[in-house]
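Order as written gives the chain letters A, B, C and D; numbering starts at 1 within each chain.
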Amino acid sequence: METLVQFLEKNSIYIVLIIVLIVWFGIYFFIYGLDKKVKKIEEKLEK
Amino acid sequence: MKSILRITVFVLITLVLILSIVPPIVETPKNFFEFPLIPGLEDKAKIIFFHVPTAWLTVIAYLIAMLYGIRFLKTKDIYNDMKSVSSAALGIVFCFLATLTGSVWAKFTWGSFWHWDPRETSIFILLLIYGAYFALRSALDNEEKRARLSAIYSILAFLTTPFFIFIMPRLMIGLHPGALEIDPTTGQVKASSNPVIKFEMAENMRVVFFLSLTAFTLLFFWLWNLSYRVLRLKYKLQTEMQES
Amino acid sequence: MNNVRLIVSNLRKAFNRRLVFDGVSFTLEKPASIVITGRNGSGKSTLIKILAGVLSTSGGNFFYEVGESKLDSENIYKIIGLVSPYLILYDEFTAFENLHLFSKIRGIKKSNEEIFDLLDQVGLYERRNDLLRTFSSGMKQRMKYASALIHNPTVLLLDEPTSNLDDEGKKFVNKLIQDFKSNKILVVATNEQSDFQFGDSIINLDAYKINSKR
Amino acid sequence: MKKAYYIFHKDFSSELRMRFALNALIMFVVVSLSTILFAIGSEKATENVYAGMMWVVVFFSAMSGLSRTFVSEEERGTNLILSLIAHPVNIFLGKFLFNLVLIFFINTIIAILYLTLFSGFVIQNWYSFILAFVLGNIGIATSSTIIAAIIAKANVKGTLYPVLAFPILLPVILMLIEITKSAMVGESISEVQSEFFVLLSYDVVMLTASLMVFDIIWKD
């Protein structure tokens, strides 16, 4: 754990990477959820 | 089929983010995970992996909007218009993203946010065309008429783009890669010495670049499909409500 | 004179999502006449406008056949005459100027005497040099007849043919219609019981309100 | 062609009687020119500024006047009778002709006023300037006519017009500014030949495209 923190302190680009990835995951799952919801309504409307 | 697309988009974009942010920039790259140093750019060279795909998608979205507009004119099928408008709506988002990312980057590389460089001008005109397209749509309340006239407008606006491609390089001196530059001592136009303009992509950067282009294009198609479906749902619900 | 046919098949019109009519079909072959009726908002005027080629359809199709060949939708104007309440002529011109312009724009040769003659037929000869702006609504209705007849149309589309007209005007219209239906094609949209006699057949648009497919 | 001429003739005599566009348009030119006069005053501006200002005035006068041909038909409800007596192609050509005459008239006034009022605005190569003037006016008239036809069907006509027309007219305006600049410095036509080529091809492309799409716009 100690070494990981030290590593990140030395290579700050990885912190950027982690932040960007988190943002991307957030956006991805938001769109994913939206897709699911739309699908559900579509199926409901078909009936 | 759809789930494959979703997973591919997820994996590809994650990969692109890692591959474009992590590799260090070194003067003489020895292994695959090192990008070559371009004097004056350093880490800022990495913008190419994000900025260019957004600009590319702006154009693709416009083309798709126009093609489905033409298809509407042929078939009179209102669903084609929905496909057209959802593509245009995404296009305007990517257009803003391309403008903003480019402009922020330009501030720190070229010194100010806006230069009226040929590419900057063309993205600005695209922004205007998108704006006019939506202004026109909002001023028409008959669905059929709205679809028809906005399709016509997108065709007319598209016809002017070759002129910009032809005009811009002659009219102004560019800062983007591939543009010309004026020699300050002689006043002659010459091939540029600007680091950005001489910019030639290294092999490994090119791989990441095309990977990114594919990833963002797939993301676009997913988003396009999604927003089209939302519009279609809204339309069907309204029709049903009117009938009952 | 060539044989002229009007073929309407499965015509559908909707404004936004509101269906006006669906599945309207009929065929008229010269000489023929038809009366279109229906409640207010049943699409009588809409159908007339579609047949005049100035409004697009939402489905189905219609066309005019002259001889054996189909008439281009852009050229429908050459054979039809339209009289309707929403037809507005240029009121900054006089009666004569209007007709003169129409004949010029249509590209047909009409001498001044012929135009005077037409004006005389609709009873507007005395007012030929007055601006249309000064006309009463009945006189404007007479002008519409003059403008619809100037090119000797083979198909006459009349929407509420006798609105705003006095007895004399109604007599003129009656005579015109009788002449017309015996050797050309006549389509009349009306709600007046007394006008039903104008057509050999009657079509009631209320029956086409049901959405058949989709 | 003759039929188109008579549509033009109708619009022309209608304009003489009703003054839909002309009076306001001339006042518009006067007002915008005096604004520029106040702004520049007696200062000597660069060729760039003069050429730019001139075509800016032209663009906005076109935007304030050229939509009337279609908008007035639509507002008065006379577009129905027009489509009952004429082929769409002839309607477009007639309206185009009317706008062409109008823009030539207005732009000549603007050019004359510019030459007399601004001492710094001196054209050295007249051939180049007049050729550009003619080609440019045709281009402006074409695009403004087809956009006016679209606008006439919309709810907010006045404000929408420049918004829609600007991206489409931009190539012409930019070329005209370039050529005017070069004509002011006295360069020969051959030095701006690619600009002329752009102007010419723009006119041809836009006119053909407009003729092709007009009937889709016109029919309700």
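Please note the rule applied: a residue touches a chain if its C-beta (ideal position, glycine included) is under 8 Å from a C-beta of that chain, and two chains touch if they have at least 3 such contacts.
Quick caveat: nothing in here was measured; it's all calculated off a predicted structure.
Novice: Could you find the chain whose CA centre sits the greatest distance from that of subunit A?
Specialist: C
Novice: Name the most central chain, where centre means the mean of Cα atoms.
Specialist: D
Novice: Rounded to a whole Å, what is the gap between the Cα centroids of subunit B and subunit D?
Specialist: Comparing mean C-alpha positions, subunit D is 32 Å from subunit B.
Novice: Could you put a whole-Å number on the gap between the CA centroids of subunit C and subunit D?
Specialist: Their C-alpha centroids are separated by 38 Å.
Novice: Determine the centre-to-centre distance between subunit A and subunit B, using the mean Cα coordinates as centres, and give it in whole Å.
Specialist: Comparing mean C-alpha positions, subunit B is 23 Å from subunit A.
Novice: Could you state the distance in Å from the CA-based centre of subunit B to that of subunit C?
Specialist: So the centroids are 52 Å from each other.
Novice: What positions in subunit D touch 2 or more of the other chains?
Specialist: Each of 220 in subunit D touches at least two other chains.
Novice: Which residues belonging to subunit A are in contact with no fewer than two other chains?
Specialist: Expected reply: no residues.
Novice: Enumerate the residues of subunit C that touch no fewer than two other chains.
Specialist: In subunit C, the residues touching two or more other chains are 56.
Novice: Identify every two-chain combination in which the chains touch.
Specialist: A-B, B-C, B-D, C-D
Novice: Give the list of subunit A residues in touch with subunit B in this complex.
Specialist: 13-14, 16-17, 20-21, 24, 28, 31-32, 34-35, 38, 41-42, 45
Novice: What residues of subunit B sit close enough to touch subunit A in their complex?
Specialist: The contact residues of subunit B facing subunit A are 6, 9-10, 13-14, 17-18, 21-22, 24, 43, 222-223, 226, 229-230, 233, 236-237, 240.
Novice: Would you tell me which residues of subunit C are touching subunit B in their complex?
Specialist: Interface residues on the subunit C side: 15-18, 56, 58.
Novice: Okay, in this complex, where on subunit C does subunit D touch?
Specialist: My answer: residues 49, 52-56, 74-75, 77, 80, 82, 86-93, 101-102, 104-107, 147.
Novice: Help me check something: in the complex, which residues belonging to subunit D touch subunit C?
Specialist: So the residues of subunit D touching subunit C come out as 2-3, 6-7, 9-10, 13-14, 17-18, 76-78, 80-81, 83-90, 215, 219-220.
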